[in-house]
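In the part that follows, the structures are each spelled out as structure tokens.
Next, two complexes with subunit A in common: one pairs it with subunit B, the other with subunit C.
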Partner chain A sequence: MGLVTTLPRNETGIETVVGVLKQQLGERLQTSEAIRTQHGHTTTWLENQAPDAVAFVQSTEEVADIVKVCATHKVPIIAFGTGSSLEGHVNAAAGGISIDLSQMNGILDVHPEDLDCVVQPGVTRKALNEYLRDTGLFFPIDPGADASLGGMAATRASGTNAVRYGTMKDNILSLKAVMPDGSIIQTGQRAKKSSAGYDLTRLLIGSEGTLGIITELTLKLHGIPEAMSSATCSFPDLESACNAVIMTIQMGIPVARIELLDALQVKAVNGFSKLSLPEEPLLLLEFHGSEASVAEQSESFGDIADEFGGTGFSWTTSSEERTKLWQARHDAYWASLSLRPGAVGISTDVCVPISRLAECVATTQAKLEELGIMAPIVGHVGDGNFHTLLLIDMEDENEVAAAHEFVSWLNELAISMEGTCTGEHGIGQGKRRYLEKEIGAGVDVIKAIKTAIDPDNIMNPGKII
Partner chain B sequence: MGLVTTLPRNETGIETVVGVLKQQLGERLQTSEAIRTQHGHTTTWLENQAPDAVAFVQSTEEVADIVKVCATHKVPIIAFGTGSSLEGHVNAAAGGISIDLSQMNGILDVHPEDLDCVVQPGVTRKALNEYLRDTGLFFPIDPGADASLGGMAATRASGTNAVRYGTMKDNILSLKAVMPDGSIIQTGQRAKKSSAGYDLTRLLIGSEGTLGIITELTLKLHGIPEAMSSATCSFPDLESACNAVIMTIQMGIPVARIELLDALQVKAVNGFSKLSLPEEPLLLLEFHGSEASVAEQSESFGDIADEFGGTGFSWTTSSEERTKLWQARHDAYWASLSLRPGAVGISTDVCVPISRLAECVATTQAKLEELGIMAPIVGHVGDGNFHTLLLIDMEDENEVAAAHEFVSWLNELAISMEGTCTGEHGIGQGKRRYLEKEIGAGVDVIKAIKTAIDPDNIMNPGKII
Partner chain C sequence: MLTPKDEQELSEAVLGASDPLRIIGGGTRGVGPGAPNLSTRELTGVTLYEPGALTLVAKSGTPLAEINEHLASEGQMLAFEPSDFRPLLRTEGEPTIGGIVAANESGPRRLAVGACRDFLLGVRFVDGSGNVVKNGGRVMKNVTGYDLVKLLCGSHGTLGILSEVSLKVLPRPETSASLMIYGPTVDEAVGLMARAMGSPYEVTGAAYSSQDMAGHPVVFLRLEGSETQVTGRLSKLRNLLEPFVPTGENYAISELTDVDAVQQQWVSLRDLDEEAGTYRDVWRLSVKPSDAPAICAALPEPNYQLDWAGGRIWAFTEPGTDLRNIIGQFDGHATLIKSASNLPRFHPEPAPLANLSAGLRNQFDPRGILNSGLMG
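Let's turn to the complex of A and B:
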């Protein structure tokens, strides 16, 4: 259905570059089909477009050297972290070199006194938090997958904690990047704020590898809260659950996480994880603060839940019980897939102003029913962001067509509600057609910037625009 | 000393454009010397460079029309809010048309349920908060001056509340802007987060009118806290005060404001406002939250102050007493000027990682003494950001030379401490020479973007780069 476009290949250039890089990198340049395919897009319904070779890089300077070779021969470069992106971001639409940053996984500096750290892009969020454990600090952004921090920056990722801690754009102080001509830039230093020139940090965050390759990140850290509490509550219908969320946000309760599972998602989790939750919409919450504050927040939410017909409300600060309460959320993805073995899961990602959330989720559920698509809903609803996971038999043309229809319909619905077609996954290949609907002539500005910085379009061609 | 450069003027183009606009705008195009001078830079030691005419605009479409006329004739356009910027941002270095946005002061929409609002750029922060008072919401960014929100966006402003609420970049959901070709773009909609394409919102924030003219802002709002408390405490020396700040931040106390006044600043305020504060470094704090939470925060800070030799610690939630405690801060600017009547005040604006704050402030004070410059220090120290206000007799060449020496020295000191030459004032004309020291080859990327979006350099020429 045209989500993936194949672009013209520069065969001569590619052949030359692969030869040169083989000389430079030896075994760290791989061209086997298995490795190439694994570095094309593998985690979604988008067709796999494998690169011609994969370079396992070890330093910023090495990335710069490779980019210079590719720039000379006008050969595409696609940055690769862990491959967990969802919209075809790492597909090699015109072939070229995948730069695998997983070996650049050093934590270069931790400044506990400044609440920041400097890391290489291949460090995953879990690895960073594991490393930080003894410092009393943590990095809060949690997109679910154990993504690389470079990839999370490149896609402007967020996830469950964003309602309190913001997204990647709010938690990066500065970046080091290799630009399309091989030059190395540092977008800023470690001051907590700066008004020095255009915000190149934020320009690179969310640029999906189309402007440069991030090779170092200076990240903000947060103190591990003195106390955390978790709460769950079931609701008679989606509107009630969403309305409880809306009121929680409007009352300024500084909730850290507030996640919605619809009845189908709860059913999936019950089956998958041997739970016996009421098969009704469920909210899962987490509160961070002092002992007194998390108790106050939990109880305030309990009162709100009550007002909207919530049942089975419970909360706890015990770590073990918290894990149990959140199990339904942690298992959601695999539980969903188990609803229909063999089906491919297609994740949507709209985000709307919170006043439109209840309406948007309810309309979405009705549309899924109308089209006969099985698709559990989970959402980072405190931000107005939710996902449906369409379970589609890719062999059935009618189902695939229905999935396409639904995805288009949902993205346009969100845009018509003053929202966005992507809260956190990014545009990649899959959502290019919606970008103009969302930001109109802004697309021309994006194109002008792209052309100015990467005139030969060698950085991840075929993405965003 | 070269802070202000005069660029070549396009006399024919300017003459033509002034004629055309006079036809279009009538009385809303002003060319009197008084009005032109008032729209050049007036609030600092930088030389005034008046525009050729001032257009008092009333709509986005009108701005677009004017920009198209200027684009056709390659005539500079300088956006003007309230003129409170400090680094020559509104000077007409090559002449041209000042676009005064003060009549575009409508509050277009308030969405209390989404905690956002849509405003025109001429609305000032105080006017917005006055308007919002009955909604229980407020816009937190407070740079001191009652600046226009468009200007605050253009310079990436922040101020006293930033330690808790962030800067302009964190409190704008999207922007409408007129680009150099007269096209109108909307950078996003009202979703709380989005990963849709390059972050054009953040690219315009801090672009100082060099990429486009902001004509509408969608702002995040915050609930007015249930309770606020204020605290003050004196310290035996600057290091102790700074160390108390550092520990407050490191312990994760969610302080809303934490401001430092040095002994000279306190002396100035005592004289100006008839107070009798101990003439020692003073910290002023504000805490936002529930009654219980602000009490807890205030007392936690009291313990920290104690540890660093703080004296006279007191805190209160009473609105009247809070105003009294904060009087010293509110009067700081005028009190400083009263220390030396006739002198011009030159405000510096460095920001360093908080671990370097005590050292940076102490070194700064020693350097001021060495150079014999009278300059009180105030700071938004929770972010590592502080200002000195140099009191200079502009008729005395030696003093002016010493001021230049000091400003250069301080900016370079901050950069050498992994900080920035501007935490919140911006680059304008005054700090162009430091930008490359701070971000190196990043300047080339800024130039490439500027050239791509504004190839004829008509948008606020001579600023940032």
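Let's turn to the complex of A and C:
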């Protein structure tokens, strides 16, 4: 497929390290084919490049010990959270050791008075919110998968709440990490403005496991709002829906979520989640605040929707109805796959200035039609970010070729609109070739940083650059 | 003084420099040791303003005042509320947007909406070898590799000289109001502020002055939003907190609802107006809010102001006092903002972090000419 590069392997180093780690970890070092494959890339269409062994680690010190062994023998290390990343992030391009952090799943401390908590990287976002339920606090970042918080930090993930609560970069106060030489660093304290020097916390956030392994996170928490309401509204076309979004944002209505589904996506969701939404472009919104403020926000949005030809506007504070709607939104990926059983889903992830959004989405739909590709569209439109999920029969060469053509066409369209090829999924292996187009000389700076911190290139080689 | 007029000239100035560069924007904060010899003040102008997309792009030397004017004409603002320390530091000149970004300078509203860094969508800069680098841009989020935008923000000109910044802006709230609680000790104040922040009433400012002009300790809480909203939330917040305010003649609660007066009050808290006339040193401590009372108790004199519900302490000390020695180890760090002494401005980093920082600096600025020595 041309996207996955295989890098030279250090056979002797790998053999030695596997031997040493077997001694140290016993059963917690696994080399069976099934487990190794499961820790290579599994989601979407990139080829699987399995690691040589998987270490199920239990503490920061243990991670540091493993990294030291790998550093001595210059053997690659690939951190693994839940493996839900979409661009080949966990593939072992040069072989090496996968460090599975799922057993480091402790919630170490919750400080309601400071609105923060300290967790291990293997805790998943749902497990954390489950745990927090009785405290009246929550962690807002909700990518479609129940990802690990370490993986979410490493990919700078975001979700449906980003318009109001930001992304991972806005919700991490400090990190503990094992660096490529095996040293353990703490990037800041729990103090709000955490760094005395450079922002090393945010350098690690989004570094995709290429600079260090995150072994502890201090996260910012938010109070569960007194009231929440959800609203839906249909629009005659995508452009009107996008314009309603722009107006909502510009008016300063503090929406918590504002998601766009195109007609095909609505159809998929209706079928999968047993809903009966009109099969037209739809905006799905959520408002957070006090009782009075969510009512006011909902109604102000209703007025705006009206102005742009919205129909069937309705809103509710019933938690049952809200949960049903948002569960349906979160299941959009699975709903889409059900439109064409047997097809593989390939997700794009462009993000453009919101003023170009309507144009970008419309052009995208036209292109899909031209190429005859079935691909529902769903977007975190408050941020200008949307996904098309191409449903491709991988056996059909023509379809695969059309998919390739479409993906690069769309990424370049976004870049030409001063946007980005990836708003939340990251570069991994799949998008490396767009990085240079997008940031030019910035690539050299990224390389320089990588060289300064990981001179032997043992941390997740072959990713980002 | 070098005053490049565009990115090209800036790049040439850096390439041609054989001696260390001391970089300033408007020169309102000083750059520590050495006289400034490069200013970005001629790199000026708003290059793009799209109110509908909440985005503004400006050259780094653009005066803050000019940016605020643009934004005000569309009812928008820089939500992170950068301070104006000219009266405090007795400096002149115009604060520039590049200087604010280089210092990651944020005021009271940070606790509700985020820091300067969180509103920074993109940067263009010239590194220590004269390369022009761009990162981020106009989109609200991207995950294209390492976040150079955040790295440059708060790097005080030691990794690169900013030439352009791209910012997310927000609509200006229709109105604002303050709730003042007179009398609380610092312990009580931090408790009240935590309660207010944990409430659903969307508090956008939580400050405490150990002594106001009349010598009283006061908690200030700010609410912003639409007219009807703010009135409703103000009385709810008051009802929520009243039971936790001790009774006694020193204690009182009052409200301020005149929007101009509220604005003035928060500008004054933000810029540390009451401290402007004194000769004392000014320290800025970043701490966990719940640690603030103990740290305040350890200060040599009880002169301080809290912001961010206690997460930021402004401490005012006799000139030359090394506060870092006095309060010892704590979870946070202390930055010296105003001083006649030559104590280091920045808190020394622990060795492993200092090594990483030095490694980064060496990559961005191999010749060590950009504000060298300022951050270690």
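Odds and ends about this structure:
In this section, the second predicted complex is superposed on the first by the 457 of 465 C-alpha atoms of A that agree within 3 Å, B and C clash if a C-alpha of one lies under 4 Å from a C-alpha of the other, contacts with A are read in each partner's own complex, and residues count from 1 in each chain.
The rule is short, and it goes like this: contacts are C-beta pairs under 8 Å (C-beta built on N, C-alpha and C of every residue); 3 or more make two chains touch, one makes a residue touch a chain.
Just so we're clear, the structure is a prediction, and the values are computed from it rather than from any experiment.
When both complexes are superposed on subunit A, subunit B and subunit C clash. Of the two partner chains placed around the shared chain by superposition, subunit B and subunit C are both touched by A:Ser293.
In the superposition on chain A, A:Ala401 makes contact with neither subunit B nor subunit C.
Judged by the touch definition given at the top, the superposed model places A:Leu108 against neither subunit B nor subunit C. Contacts of A:Ala366 after superposition: neither subunit B nor subunit C is touched. When the two complexes are superposed on chain A, the residues of subunit A that touch both subunit B and subunit C are 111-115, 155-156, 158, 162, 166-167, 169-170, 179, 183-187, 189-200, 202-203, 205-207, 211, 223, 225, 246, 249-252, 290, 292-293, 296, 351-355, 383-385, 418-427, 431, 435, 438-446, 448-449, 451-453, 464-465. The part of subunit B that touches subunit A in the complex is made up of residues 111-116, 155-158, 162, 166-167, 169-170, 179, 183-200, 202-203, 205-207, 211, 222-223, 225, 246, 249-252, 290, 292-293, 296, 349, 351-355, 383-385, 414-415, 418-427, 431, 434-435, 438-446, 448-453, 464-465. Listing the residues of subunit A that touch subunit C in their complex gives 111-115, 136, 155-156, 158, 162, 166-167, 169-170, 179, 183-187, 189-200, 202-203, 205-207, 211, 223, 225-227, 246, 249-252, 289-290, 292-293, 296, 351-355, 382-385, 418-427, 431, 435, 438-446, 448-449, 451-453, 464-465. Across the complex, subunit A is touched by residues 50-55, 104, 106, 110-111, 114-115, 117-118, 127, 131-135, 137-148, 150-151, 153-155, 159, 170-171, 173, 194, 197-202, 225-226, 228-229, 232-233, 236, 286-290, 308, 311-312, 331-333, 335, 346-350, 352-354, 356-357, 359-360, 362-364, 375-376 of subunit C.
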